[in-house]
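Same chain, two partners: chain A is paired with chain B first, then with chain C.
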Partner chain A sequence: MDRNKHPIINTAYQLVPATGSLLRTLGTVFMHSFRKRETVSYPEESVYLPPRYRGRIILTRDPDGEERCVACNLCAVACPVDCISLQKAEQDDGRWYPEFFRINFSRCIFCGMCEEACPTSAIQLTPDFEMGEYDRQQLVYEKEDLLIDGPGKDHDYHFYKVAGMAIGGKDKGQAKDEEAPEDVRTLLP
Partner chain B sequence: MSWWTPQLTAIFWGMFQALVILLGVVLLGAVLTVVERRFLGLWQDRYGPNRVGPFGTLQLVADMLKIFFKEDWIPPFASRGLFLLAPVLAFASLLLSFLIIPITPGWGVADMHIGLLFFFALAGINVYSVLLGGWSSGNKYALLGALRASAQTLSYEVFMGLSLMGVVAMAGSFNMREIVAAQENLWFIIPQFFGFVTFLVAGVAVTHRAPFDQPEAEQELADGYHIEYSGMKFGMFFIGEYVGMVLVSALIVTLFFGGWHGPLLPPFVWFALKTSGFLLLFMLLRAALPRPRYDRVMSFGWKVCLPLTLINLLATGAVMLWVGA
Partner chain C sequence: MAIIHVDGQAYEVNGADNLLQACLSLGLDIPYFCWHPAMGSVGACRQCAVRQYKDADDDQGMLVMSCMTPAKDQTRIDIEDEEARTFRASVVEWLMINHPHDCPVCEEGGHCHLQDMTVMTGHDRRRYRFSKRTRRNQNLGPFIGHEMNRCITCYRCVRFYNDYAGGTDLGAFGSKDNVYFGRYEEGTLESPFAGNLTEVCPTGVFTDKSHAAHYTRKWDLQFAPSICHQCAMGCNISPGERGGSLRRIENRYHGDVNGYFLCDRGRFGYGYVNRSDRPKVPEWRAQLDQTPTHLEVDAALDHITDALRHARRVIGIGSPRASLESNHQLRELVGDKHFSTGIEAQEQACLERMNHLQRTAGLPTPTPREIERHDAILILGEDPVQSAGRLGLNLRQAALARRETMGEKLDVPTWDAEALKTLGQDSYHPLHIAWPTTTELDSVAIRHSLAPEEIARLGFAVAHIIDPSAPAVDRLDTATRETAQQIADDLMAAERPLVVSGGTLTSEAILEAAGNIAKALSMHAKQAGLVLIRREANSTGLALMGGQPLDWALDELAQGNADALVVLENDLYQRLPAKQVDAALARADIRIVLDHQRTPTTDKASILLPAASFAETSGTLVNLEGRAQRFFQVFEPAYLRPEARLHASWHWLHSLAVSLRGEPPKAIHLDQATQACAEAYSSLAGMAQAAPGADHRIAGLPLAREPHRYSGRTAMRAHLNVNEPRPPQDPDTPFAHSMEGYSGFDRPRQQVPFAWAPGWNSPQAWNKFTDEVGGHLRGGDPGVRLIQPAPGHQGHYHQPVQSAEGTNALRALILPRLFGGEETSSLAAPIQQRTEQPSVILSADDAQRLALKTGDRVNIGEGTTLPVYVQPDWPTGWAGLPAGLVAGVLQGATLTLSAGDKP
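Our next item is the complex of A and B:
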């Protein structure tokens, strides 16, 4: 803007583009009458949740239908808000499993650290957030609330079939892609 | 029935008209509070209130129930009498202005020869409602809002009056019916374009609607002059704002867009259509434009609009003298 001009001319110079800009704004906003609305009318319309959405936590089973969780406690350690608690127990065949597994969802922040920490793909987050309760105590989920019948995201993964741990019916060296254990005595001179 | 004279019939007919118009305007003002929210939603790509009743039509009922049952609190530090008076003034002064609006050839409350001047007088009184409301609240934000409102309204009323003088000069009367009659062949929007533009600006400013809502700027003043009001007293300020919106739209239609004149459709339909068009414009202004800084509002009023109306008035007078001579 040329400051040397007469103030009246200066004002007129500013006024014309300003009026045009105002009218264009009005037009632009008015054209929004014909746009699609962004709102999702949630309870009637379902919300799209991506497959990897971090929602309600579940415990999965391996393809044979056994519990995947080996009660290693890594999830409980990884959890930044300490909402997971569990107790290890051992089956007759040597498999480890959680005696109880408890997630306090009134504390859980759905960060997914437990899923990342889990070595057996047992604990997984699912695309579901509709877990509102009127009673806070109802948000404490026990193992029977968490455990599902399927394998979840990792369809074929079977921890004991690839791990070197010996359990009933499978000795060391019998796992998939596992070599027989080294006989240390043959190395002796 | 010797006592039942034609005059009595006329009086009762007039009272009936006045009542219908009064109720119609108040109801329209109330309905507009919801309609505006729906339209703002539409222009902002969302829905607005659509839960109560089909398409949110019963939202008004819900809002009324809520506001009627709210605690009607008067702050202990407020000056009580003025605090009670302010919302009444705000509501009544704008509502009374509807006296002069001719809706159809047969309908209208009063046919006064001072017409427009009555509106200016009541618009002046309306400033007091804001001023008293802000002052008596005993709250510094309310006072700041009232300060802004009175300064803004006073300066915009100066050229609001002047912007309509061209119309008055062309129609040769302050009477609204005669102004409408003078527009039978040519609406005043064409010869009085600058008068229309400045009156539109002034009309938005005196009703404190966005983008001239500095007196109640939420972000700076936390609602300005009606910050201490609650319940139905706030409701009166609130409905009063919408009544003002209807009033200014109806005035623009009457003064610049030929009132009820229009082809084919009956007069009332034309009047209603034109008025709702301007109500839409009011809402669109609120949806689209940001709120300018306060000093800009003042300097725009004094440095742009006032000279523009003066030039317009001078030009109108010159042309009329030229044509008349």
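Our next item is the complex of A and C:
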């Protein structure tokens, strides 16, 4: 039988399954009212974010409590929106540190490239996204706003313990897998 | 020419090259460390291995070091051969065994040749799990940092420092895998070319300390093609800026002028640009003792216009350290009849004489590169390392080139550095220096310790021997006659003799003597050359422009013939005795001074206009060859320091002229300023072609000042205001203040702000910009020569000077100093730290007469007390004084020394 020639029959054919689907949807929705609730009433209730969530950026400290960032500029160059700017300075003992460290969060896209580039685990993204401001200028974070007291997600890494440069408290030859400095005044094998 | 086959492709190359040079010149990449285009090969690092086949039938071949293998015709090699690749990767892996985990805290990072080569060979995982060797560092003085852990034992440093530059205090110590590169004892590196180690060393062992103090990675710097302003050599430089301050000076390759190297004054003397005490806004005061009031630009212009309108006559004093454009605008403002070059009369006479000689003495002026091809040299009354820095290196290479001449006979190629060194031993092309005290070139030269007049007489005598029709010198003593004979013989025996002289001793007689020798040599149809050293960055240019000497300007003022004065970037107290300057300034009611530094002259200004330094503006200079070269603005000072009101002097002066004429303000652009200057003086007509104009584009693009990975654009200014302004627009030059624009290497160009090519972040990237490695820029070496020998011009011989009658008076002999002898670089902290303890040099006779001995202290002029140094062969009657120490003392001035306080 050619259905197109009998529009009424055709409509009936379509109507029956459509009604069924509609009823099933209503049923599902109704059943959901007995399920556990996924929606949280933020801000009264806090949200769970996994530790690897990419939110507000921090600068961490090494296990000895010293600033981890060595001002190498790799995060800045990795940043696709160029919103990190810093200036290297040197402590008296030779340790490099950022004289200033600025992130313009009004530009940041929380891609995590900086964290990935960082050779010292200094810069990390955290599960915090509550950064709203009325004034965009307030989104410019300086080092005071970024630096925290702990090591963040990476508890152990200590860049200067593996680097060759001598700093206060770690002389040449005292880093991991290093021999004592060579005596150049000997020709002995 | 030779045909070589690389990976199955045939190429035409220079058969005199080695394979590495040949392949790099073709644009093929082979990793290397120890070879350097200016220093040849030694085969020390084993990094440049390729597979070479004996002939067309050989399918085995063997690994060879490409840098040690001649590019003979029909050589067949594979770069991409599997074994060769593995070999090269292993070499890097093995160099990395002891390499520290330092890149993040290494100043070399981002322009490190070792990083580049490691990436190129594909070594990306550390397999070696055992311990690393470590080494202690040394403090090598204010210029160079030292981190010995990073050394890969390529030997480039000592080869440059000792062989190329003639240093003696850097060496390789130890043996086997324990080789240390440093000084015997900690201490300042003595060579004035030590700074080049930062570029020669392929790793972060030697780094620029002045840069480390405000470190910025290369990718974060903003660059422009610039010209060093620290002497008349006109070396091409790439100054790098960030955050409104200059962070470092890197060499900018120029095939004819500076090649790969700079002197340390040029490299480390930029600190004056960053000084916090620089004038930044216009200042005005009615009385000298008042604190100056700060003015806005318009207010300042109104003020000056008002004052100048009421002036009877305005004198303009230009400056040989300012651009031609600025000097011309000043001259336009005050008028030809009221313009002075700002150069002391005697010095100016010498400058004019030098320009004249360059045209008429019958000899061309070789480029610094060509100087290295001259095989006998006479330096008459100059100490080139102290007075023209980089030039000293060229002259040294000329002396060393004897090795190559000897090698040629034995078929030793010019790149085989170690073989040539062994062959040459201590034989050098003859290099005679007539100069009263030790010079940096003494180790390869024969020095004749003479007083200025005697130097001139020696020169006249040499000319007379070469060409008897040149006037003879009477009453010449035997010793001098013999010396003259020896010099003349050496010059005549050479193919390409070279005469070097200059204005350092401000003696026209010496220059005339040099001119006589030049003319005598030209009579013999020798391929000879004449090089004349000028003192300041634009001395040659100002002498071409012309104008009255400074003495005239001061006289006019002192006599009341003028009551207003405009001084352009010039500290008059450096040039003439303070009394004379004071007297003149006291009679000028209106004293307008433009400068980028605070000087004793700016302290006397009634209105001070803050001028832009070389890094903040553009302009043209003429170097000692007579080459007009353009330097370009590196950064716009107002972008990061919005409160600054720095403008090019030519801008200020033009605005003043417009406002004086009562016309509505209209801006002038660089191209107009240059064009105006080129049109006004026939001798400067060529300067407009020195560099492309503002409309120059490559592939339709302006040229980028910043590398494409310039970081922090949206944060570096965010503390001032989170809304970023548009990057500064530059109507004056073809360069953009951003990374947008052309920054590649594949299209030939002359003006290269920074050298970068994919995979080549270090200065080795210059190889990608040259027609052949160590050759010329593919787009042509920048600059145009303005002074040409006049064809068919017959110069005439000058009469020799008479020997000075013995007087008892002690005369000042100002000795140029690379560090501390130049005004602006002396304001940079590293240069101040490097400046050696000055002393007064006396002859034994004079010392005895004055009852002084080495170490005693004497007073010179007001307030300067110096220790005495008695030099046995120092000419009697002269007191050697370091330049730049006692301001305003002229060459030859009579001195009275009085015993100073005990130290």
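As a convention for this text, the second predicted complex is superposed on the first by the 142 of 189 C-alpha atoms of A that agree within 3 Å, B and C clash if a C-alpha of one lies under 4 Å from a C-alpha of the other, contacts with A are read in each partner's own complex, and residues count from 1 in each chain.
Assume a residue touches a chain if its C-beta (ideal position, glycine included) is under 8 Å from a C-beta of that chain, and two chains touch if they have at least 3 such contacts.
Since we're looking at a predicted model, the values are computed, not measured.
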item: Which of chain B and chain C A:143 touches, first, second, both or neither; value: neither
item: Touched chain A residues, chain B compared with chain C; value: C
item: First, second, both or neither for A:33, with chain B first and chain C second; value: first
item: First, second, both or neither for A:41, with chain B first and chain C second; value: first
item: Chain B versus chain C as contact partner of A:54, first or second or both or neither; value: neither
item: Touched partner set for A:153, first chain B, second chain C, both or neither; value: neither
item: Touching partner for A:70 - first (chain B), second (chain C), both, neither; value: second
item: First, second, both or neither for A:182, with chain B first and chain C second; value: second
item: Which of chain B and chain C A:170 touches, first, second, both or neither; value: neither
item: Chain A partner contacts - residues on chain C that touch it in the complex; value: 100-105, 109-110, 129-137, 147, 149-150, 173-176, 178, 180, 212, 214-217, 219-220, 243, 709-716, 718-719, 721-723
item: Chain B to chain A touching residues, read off their complex; value: 41-47, 284-285, 287-289, 303-304
item: Complex contact set, residues of chain A against chain B; value: 11, 15, 22, 25-26, 28-30, 32-33, 35-39, 41
item: Interfacial residue positions of chain A with respect to chain C in the complex; value: 70-74, 76-77, 79, 81-88, 90, 96, 102-104, 106-107, 119-120, 136-137, 139-140, 142, 159, 162-166, 172-173, 175, 177-182, 184-187, 189
